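In what comes next, chain A is part of two complexes: it sits with chain B in the first one and with chain C in the second one.
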Partner chain A sequence: MTDVEIISLVNDSLIEEFELDESAMVSEAEIFADLGLDSLDIVDMVVVLEGLLEIKIRDDEGLREIRTLGDIHRFVITKKRETETAAD
Partner chain B sequence: MRRVVITGMGAISPFGRGVEELIDGFLNDRSAIKVLDRLSDYDGLRTRLAALVPGVNDKDIARNKRRSMSRQSIFAVLAAREALNQAALPEALYDSGRYGVALGTTISSLETCENFFADHLVDKSFSRMKTSLFFKTMNHSAATNVAQFFGLNGRLLAPAAACATGCQALGYAYEMIKFGIQEAMVCGGTEEFHPLSAATFDLMNAASFRYNEEPTQASRPFDRRRDGVVCGEGAGVLVLEELTAAENRGAHILAEIIGFATLTETGSIAEPSSAAMQLCMLEALASAGVEPGAIDYVNAHATATEKGDIAEAQALLELFGEEVPISSLKGHLGHTLAASGGLETIATVAMMQRGELWPTRNLEEIDPDCVGPNIFSGVRKGSVNLVLKNNFALGGVNSCLVLKSVDKL
Partner chain C sequence: MKYDYLVIGAGVSGISSALLLARFGFRVALLEQASGPAPLIDGFVRNGVYFEAGFHYAGGLESGGVLDRSLSLLGVAEDLHRVAFDELAYDTIIQPESGLNFSFPQGYDALSLALQKRFPEQRNPITKYLGRVQEVTQNLPYYHPQAAFSPLSLAALHEQSLEQVFAELAISGELRTLLQVHCLLYGTKPSEVPFAIHAGVVDGYYRSASTFKGGGRALVKALVAACERSGVDLFCRHQVSEVELTAAGAFAGLACANGERLQAVNCVSTIHPKAMLALVPDSVFRPVYRRRLNALAETASAEIVFLRCERQRGSALGGEASDSYDFAGRNFFFLPSPGTDLFAPDLPLCERLLYLNFASSGGFTGAHECGITAILPAASEVAAGEAQSRFAYAEGKVQIGEQVRERISGLLPELGAGLKVECVATKKTLQRINLSPTGSLYGVKHMVGQFNPAAKTRLENFFLAGQATTAPGLLGAITSALMAVGEIVGHDKVEALRREVVCDG
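After this line comes the complex of A and B, so read on.
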């Protein structure tokens, strides 16, 4: 799966899960202020992303640094690659 | 003693969205009961009938509010919104701590539980569980969703007494205001249909299935050919407030609640007891300071079960003799369980306002064991000033409200 494919998959999944407007899905969008998510949503987002990409991120300290949609993309791409490397 | 009046009503019912749709269904003598094809997928379930709410658009509720709502919470919120819009309580007081919520369900959202466990039991994993699961399935989920949605921060009551839930919620809300604990209450019951509800009645030989091919003939309270309950869904929500406060703000008063009782029959968890029903009715009348002979109409619980209808008819005969008119609305709506107390009270208030009484749909030949009390046929015209509203439940819970028309305030 390419980075672009991962981003597309993540965006589609977040749009469906949180009923987001496609036009709001820009990398600089702040997840709280711009996308209107809150702390409960973040918990659910982790569940969605783990299932979607077959990664484990729930206990990852890096989650705390996420501010924007672009941060989410970079974070999950990194985790996906780590998972793939570990599997190899 | 403080007096308590109804100033708002909201309904989500098998007849559709809103009080107007509900009343229209009765005025046109419609049946809300339909064949639900998917019930044939279940082994061991004989009934194919249900009275479901048609076409509710839950996107009316913002996602961040809706995420904690099961279908029955959504019904409750939509019904509460209609009731609050009609009542037009001052919104500045919503967070005063003086406006509360009393609203219940038979059971937490079975649909939500089923969906969760269907996935969870594949591998017993909790890794796919979302936060919304708990908030949708709390026993007080519907009540707190209503409170959260509207910002009503007073008392929160979530009574659960199966088919008596809605009536109990109205009664407890009435007492909250009567005794000065709250100024206004949003109250009632809500129910989402699940095959388990139908199966529970079916198991006890108390669900209708002989009319699977003629759904509009099913649910026949007091009728000789009745064969049980048809389960339904919906929400009936009312706004109650203290009389003087309502008058001072120029509210449109719909009716007054003047008495309430709820008692528990401990002889059996399932068998209806005529004596216990009668005692509950008497207690409600006593709390209202009203003699049985003064009652103009009884809105019966009568769900079309073999034993329940007979027990209620016998209690009504002993208490009211052969004159006081009696009907059940479950021939039209089916049995909306926790929602029935609210929805039927709303319909009863509408009858009081219109000066007419609606008969029991599908009552063609009265059961010989129900003969005696005045279970009338045909629409009756005339003033309806004092009413007794019954709701009884599995689990031995009985509950009764006494209502008074605005004309007699």
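After this line comes the complex of A and C, so read on.
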């Protein structure tokens, strides 16, 4: 899966699962202020991303650093690549 | 009358939530769909004999024990009298084919010695395992609410399964069988249950096993009396049909199936999470949250047979207890044949794991007859749609009862010819009473990899409690109330109350 494919998959899934506005899905969008997510949504976001990309991020310190949609993309791409490397 | 809080469900978690909220000065009403409060904990009387429904025995009730402290916090500990289960043999595990016959004695030291005597070659793993159970329990954030935690930190704690711990400590064979038998008490397999959840349950029993004088019914009476003292209004036969919202989308009140409507500023729902979802307009929660809750795995279901028998003294069956004694205050676990999955739900009734509980006689000494509960775990699933006539259903129940009675008579001939079936509960009964779509015994599971819902929800002023949110059992239910009320008034205030009342800090 290419980075672009991952980003598209993540965006589509977040739009559907969290009822987000497609036009708001830009990488600099802040997940709380711009996308309207709140701290309660983080658990569900973790569940969705883990299932979607077959990665494990629930106990990852990096989660706390996420501020924007772009942060999510970078975070899961890194995780996906780590998982792929570990599987090789 | 406008309340500060409406609590949906007057089970242990609902009553506990109401009592704690009242303690913090709120005006609270409790709504229960059944005709009486806590129908799972309350037993029932048939033909003059008391039967336990869902409360069989409890761990951690010793003075200063974790459950004893929780009941103190609710202000009911003084109204209850503990009746200890058999000191040397509260749980007896028997596998007729292999000859396995082991009785759990009360207390960590006694248990450790008994296990080491039986399995001298596994002395080291036994010590390590019991040490690990105590250590993990001591650090459970939900039993020690001062520890800060989030759903994500809980997920890390719940990452290792019981089975993985067995593998890590090289616990195998009959020892493993004995140590995993208590999974039955919360209906989740060793491969699925987080070790921390299992430890939180068995730690209590390893310390002490007991019931209350008067059984589960005494607990319910004490909780209801505490509600009256605290000014909590209890409305039974009030099945909530809808959560009503203000124009701005905030919580406004509850509509009941009987047409009544109650208003309040806030709400705590303690019913099955899937049943809760059905009450709330779809627009309130995100699709992803609804999907997560609807996907929560259910604990095992069961066939439950209630039997009566004449009180008499039985011959010794278990381990160290060599004198003759009454079965009062004992449990028997009859295991399926070796090599079979302990919790295989699809075995015929004569081969499946059979749990026998003699608690009600312990609670009601002096009666001529005593009530026995037999539980045989079954698969938890949405019942197939085929229509069954009332007659066929009743006939099926009679057959289940007779098969189980015959099996028990063969296994414990001491019970004599006076053993009779009083009534039978099936998956359908559990579906109705537990509000569980699959007729599960204990509601949703706590499972490695699964996120159970937290107390806080997206709907402002609408909170969740109940075993599903925190941990199983009586202790889990009370703790879930502490967690929910902690979210409401601040965890520091709940902790201050705990220190003030329980003085264990």
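What we mean here is this: the second predicted complex is superposed on the first by the 88 of 88 C-alpha atoms of A that agree within 3 Å, B and C clash if a C-alpha of one lies under 4 Å from a C-alpha of the other, contacts with A are read in each partner's own complex, and residues count from 1 in each chain.
We adopt the following convention: a contact is a pair of C-beta atoms (placed from the backbone, for glycine too) under 8 Å apart; a residue touches a chain by one contact, two chains touch by 3 or more.
Remember, predicted model here, so these are calculated numbers, not experimental data.
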**Report entry** Partner, of chain C and chain B, that touches more residues belonging to chain A
**Finding:** C
Query raised in the report: Once the shared chain is lined up, is A:18 touching chain B (first), chain C (second), both, or neither of them?
Result: both
Requested in this report: Would you check which partner chain A:51 touches, where first means chain B only, second means chain C only, and both and neither mean what they say?
Outcome: first
Report task. Go through the superposed model and pick first if A:71 touches only chain B, second if only chain C, both, or neither. Result -> neither
Query raised in the report: After superposition on the shared chain, which partner residues are touched by A:36: those of chain B (first), chain C (second), both, or neither?
Result: first
Query raised in the report: Where on chain A do the contacts from chain B and from chain C line up?
Result: 18-19, 38, 40-41, 43-44, 47
Report summary line: chain A partner, complex, touching residues on chain C are 151-153, 155-156, 159, 286-289, 291-292, 451, 454, 456-458
Report summary line: Counting only contacts in the complex, chain A reaches chain C at residues 16-19, 38, 40-48, 58-59, 63
Query raised in the report: In the complex of these two chains, what residues of chain B are touching chain A?
Result: 63-64, 67, 127-132
Query raised in the report: Which part of chain A faces chain B closely enough to touch in the complex?
Result: 18-19, 36, 38, 40-41, 43-44, 47, 50-51
